[in-house]
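A, B, C and D label the chains in the order they appear, each numbered from 1.
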Amino acid sequence: MIKAGIIGSTGYAGNELVRLLMGHPEVEVVWYGSRSYVDEKYANIYRNMFKLIEDKCLDDNIEKLSKEVDVIFTATPQGYLAGVLTEDILSNTKVIDLSADYRIKDVATYEKWYGITHKSPQFIEEAVYGLCEINRDKVKGARLIANPGCYTTCSILTAYPLVRDGLIDVDTLIVDAKSGTSGAGRGAKVANLYCEVNENIKAYGVASHRHTPEIEEQLGYACGGDVVINFTPHLIPMNRGILATEYASLKKVNLPDGSVGYPDEDMIRDCYKKYYKDEYFIRLLDKGMNPETRWVEGSNFVDINFVIDERTHRVIMMGALDNICKGAAGQAVQNMNILFGFKEQEGLELVPMC
Amino acid sequence: MIKAGIIGSTGYAGNELVRLLMGHPEVEVVWYGSRSYVDEKYANIYRNMFKLIEDKCLDDNIEKLSKEVDVIFTATPQGYLAGVLTEDILSNTKVIDLSADYRIKDVATYEKWYGITHKSPQFIEEAVYGLCEINRDKVKGARLIANPGCYTTCSILTAYPLVRDGLIDVDTLIVDAKSGTSGAGRGAKVANLYCEVNENIKAYGVASHRHTPEIEEQLGYACGGDVVINFTPHLIPMNRGILATEYASLKKVNLPDGSVGYPDEDMIRDCYKKYYKDEYFIRLLDKGMNPETRWVEGSNFVDINFVIDERTHRVIMMGALDNICKGAAGQAVQNMNILFGFKEQEGLELVPMC
Amino acid sequence: MIKAGIIGSTGYAGNELVRLLMGHPEVEVVWYGSRSYVDEKYANIYRNMFKLIEDKCLDDNIEKLSKEVDVIFTATPQGYLAGVLTEDILSNTKVIDLSADYRIKDVATYEKWYGITHKSPQFIEEAVYGLCEINRDKVKGARLIANPGCYTTCSILTAYPLVRDGLIDVDTLIVDAKSGTSGAGRGAKVANLYCEVNENIKAYGVASHRHTPEIEEQLGYACGGDVVINFTPHLIPMNRGILATEYASLKKVNLPDGSVGYPDEDMIRDCYKKYYKDEYFIRLLDKGMNPETRWVEGSNFVDINFVIDERTHRVIMMGALDNICKGAAGQAVQNMNILFGFKEQEGLELVPMC
Amino acid sequence: MIKAGIIGSTGYAGNELVRLLMGHPEVEVVWYGSRSYVDEKYANIYRNMFKLIEDKCLDDNIEKLSKEVDVIFTATPQGYLAGVLTEDILSNTKVIDLSADYRIKDVATYEKWYGITHKSPQFIEEAVYGLCEINRDKVKGARLIANPGCYTTCSILTAYPLVRDGLIDVDTLIVDAKSGTSGAGRGAKVANLYCEVNENIKAYGVASHRHTPEIEEQLGYACGGDVVINFTPHLIPMNRGILATEYASLKKVNLPDGSVGYPDEDMIRDCYKKYYKDEYFIRLLDKGMNPETRWVEGSNFVDINFVIDERTHRVIMMGALDNICKGAAGQAVQNMNILFGFKEQEGLELVPMC
């Protein structure tokens, strides 16, 4: 049994962490951090927890916290962790950061896309990008995990095998992503009011969204080169879920019969299987099934599939996940499981609820 | 052609006023007031108006405004108008107030339920409660109209004929009302965020909602006595619409055949027809049709019907309207039409859009 | 480890049963019945179960099924079970019926409200009405459980203590209930299409809904007399959840100080505690908290609270539950747990997901 | 004043036609066709029309209808009109077809994508594709208008100027479109039930949707060559609205300064203005504004804008319209206005309702 603390426990990702950890047999949450609700009962804010949690919210004090727990989750705004992290903290405890502070290796890139000066670049190098299915081995033994973003997890996993094996031309990769509104956070903004979001769809951050360089960096590692993509997020009137629809031109490759040509359905499917067949949380759907967000709601699954368009020689890849679970808190717990040597799906065998 | 000014034009009711007045052949809006967006183009805030309105938003200055227009609409928070209204203003122009400041004749009642000191009680007496179907004659010639609230309009009109003619026992009247979220306004509050409202329903202001005394006062005039009711509003995950479901015990009355007993379907229906048969905006539905909010969306209609329960000798009355239109801006325009001698439905013959 | 079969496993309640039983350590589902999808993979219909369930759907054959399992759940249309149930089946296995076939003791009442001839009235007497918190003892040892309806569970539990202890006048009881659309089932009907339900609210079955006599019968047992109420259901644009808002006049009673008067906040609260303080699934909220459906979504909880209106001497009781879980499948599992001597909350300690 | 008949008046597009024509000063609807509701009052099906329309629905009889009206709108399933159209009908009256029967000039292409044998290919040649902004002159004088589809109108208008003027490489064009659920029609299908659509997003018809060849044909005319694109529609939990997000690589062109390079913001904007600056229904938004469906809801507007990505040399074009209005009924009325020489925006100056 380990002890965990959450800084930012009253945001949407924070509350999902709480929900998941309550069902985890190896973890006890002992610190419900929330700058906005200090001294209020957690269950007064999130009444789903009524009678289930008696704790009150605590103010941010990561140094103190680091001495009391085995792992800290920071579900905090950009820049928070970078502003307070110290060597002491990292020598006391593991830190799993759900913000973007340590996701991008190049400080200049981070500062440009986020518009923030990075306060502790000295920890970037050692931080491990916690996309479990791809970086599992590096996660083991790390002190600081940069937990990937929701759009990023979905976008990368959907394309990764084809990028890695060179079946698509990465220069043609376009990611058109659609997210439920919980991704916008629990801040009181007019743009996220019910009446502004309901009966509406819009793109935002076109050609400028902060998740872009994160996707590019990781896919760059996969193919061993620079990747520059288009990524367009959209806001959808639903609470949870991300769907990424991704387009890329197929590359001519050596075919099994010795000729050169475009990979077919079987080759693409085999490529996905090669990387994902043993991954519990990645479900490669049967041919003809398009991923839908509702089938993964409340779970840590990513549903993936693709369609080849013979007319354009493009492959349309689709991935769906729950942005708050696999796209945030679920993956954080998965990282924790790896870090502490628990069974990777411990506490995460959640049946999606539709 | 008259000139109109709107103070509070960027709230939801304010924007609906703008939409309605754009289609009104006798009115020109010359003042788009918005404390929050001074000097910004109105169409930047409400992009439905892109290319349709070129004006910029103006700061609040009701004295200046009163000299420039024939009518002022105040779609402002409680207490605003009471704090600035003067005899000068009222002698310059008509004022139609969408707030509650002048709806309640008894100052103490207003101050108790709203928790505000009334700054200009001297105008309460002359203010006319602008529930057009009931107070039409008083509206003509008034200087100051207290435009009724959304819950109130729906709750009163649904029960009015039966209360007026003594067919129900007003002491048993219970109003269970359900409202779309636009009724909560456009303020940036966590409770009104998409993810807090979607997939949820809750009651609020139980036994304490501010619209209660307004309903009681008006129904009291109807029956010539004191009325004390239960009114329970609920928040519904939709943008527009209010449904009021109202319960009351039937009173034994003299029946057409000379006996004494409970009124039947025909008597109740005749009572509704007696008051509403010539009312364009009130649609008494056919037997068996329950009002639904979508059938009145975007229009100034109130759909009303009832069911008699022979087992309990109660009548269940139901009324549906668009809270932003007939429940706010539409009724304000209807009042303006009466005030200025225009055809009452001018600019309001809107076909509901489902 | 017991074996279970589900007839009607592809309806919304059926799928929730599947979800819940997958997380139950003592049960294995061996029969996924679905007349509509015979021979299709269950996970093709409910893709949330992709990779989690490999079984195909089976045609209805309750006789055969009764020899293969320890418990049968029938999540079927009204009249199905009554048409096929036999003594043989009941001697082979336990049956938990999610339909209304055996909920009402008086056959004539059933036939009048449901418009169906009851095909096997001989089993009505022995059937136990499975409202666990109230009939727990009778459930133990039963062969046939009539699992309560969703509206009914919510309506009864919300008022039960006050009815039982005579604190309210049951003749004044009015239940105004609001349900998510999953309660309307998965049948392909125009009225339940997305565009018909979204942005809308309506009452239906006014003074005639089939759940009325079920509520009346059970509350009648509670107070030891006849109960006749008004029950008005409404359709709400959300998937899951029921909120019941209930109104009743307080009765003058002997007060603690010896005088006679209306019960106060403390007396009412004590009355609720008397019956519910040890009930895991009933959460009596703190004063001032109104139940909201989102706080119980996906769980077996019922959240209850009340407000006293000193002006009208009425109490407004409110209850919220997940119609598909505590209102159907969750309660069925709870009954199963009681029947088989498992811990009552086994498989049901679900943290609500908001 | 002309007379109009609608075949298929109880579908979603049919009802929108009714709504629009009620506000049109030059048209009287004299025939409400609906095979499904023969002899029922129209206002019983669409209760928004209660007290506004007294007519009953009529069975399909296009020959009889053609002798009684000046224009017929067919809002019918694919293949209906092709199966009944005759020279006689066309000599009696104008026909505006909202189905796809005459949209595609090549019969084989139609039959392949729609899987239907075309019953009257002899009328395809004379049919005019009624995308008003582009084919206005051809519409005048036509007898048969093939009214464009909703996805198509949005997709084509969003890219048309850049395709026409060769600023983008059409071989790279990808259209990722998102539609409200009314686009799926009013048929009773499980897939379109509220609970199946709500809290969900999915792609469908990937690389195989029927609107693909229609977009390709029209853009082919624009650029004078063959166009083969990827078009991916998605289903969104909202009633009305389509957003098309379109991606294409910029082509190097002669720049104003004499050099060769990628067109910049100004060149692209000028190109849009060149074609659309006098179009009332096309609103080219200001730089930085992304189209949102709610800003066009209930109106005939198409809101368009674009972003250039300097990193990938792609332009991201976005267009939003109301799928039932400009994407179906509104455009049909616009075509009628052109056909009969009415002012083009007559009856269509609808302020979007948000």
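Here is the rule we use: contacts are C-beta pairs under 8 Å (C-beta built on N, C-alpha and C of every residue); 3 or more make two chains touch, one makes a residue touch a chain.
Predicted, not measured: the structure shown is a model, and the values here were computed from it.
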| item | value |
| --- | --- |
| Pair with more cross-chain C-beta pairs in contact, given A-D and A-C | A-D |
| Greatest separation from chain A - chain, by CA centre | B |
| Chain centre separation in whole Å, for chain D relative to chain C (CA means) | 46 |
| Distance from chain C to chain A - Cα centre to Cα centre, in angstrom | 37 |
| Interface hub residues of chain A, defined as touching at least two other chains | 180, 198-199, 237-239, 292, 294, 297 |
| Touching residues on chain A, where the partner in the complex is chain C | 15, 19, 22-23, 46-52, 199, 283, 285, 289, 292, 294-299, 303, 351-354 |
| Chain D contact footprint on chain C (complex, rising order) | 12, 180-182, 186-190, 192-199, 237-239 |
| Chain B - residues contacting chain C, complex | 172, 174, 176, 178, 180, 198-204, 206-207, 228-230, 232, 234, 236-241, 243, 245, 247, 290-294, 297, 307-309, 311-312, 314, 316, 318, 320 |
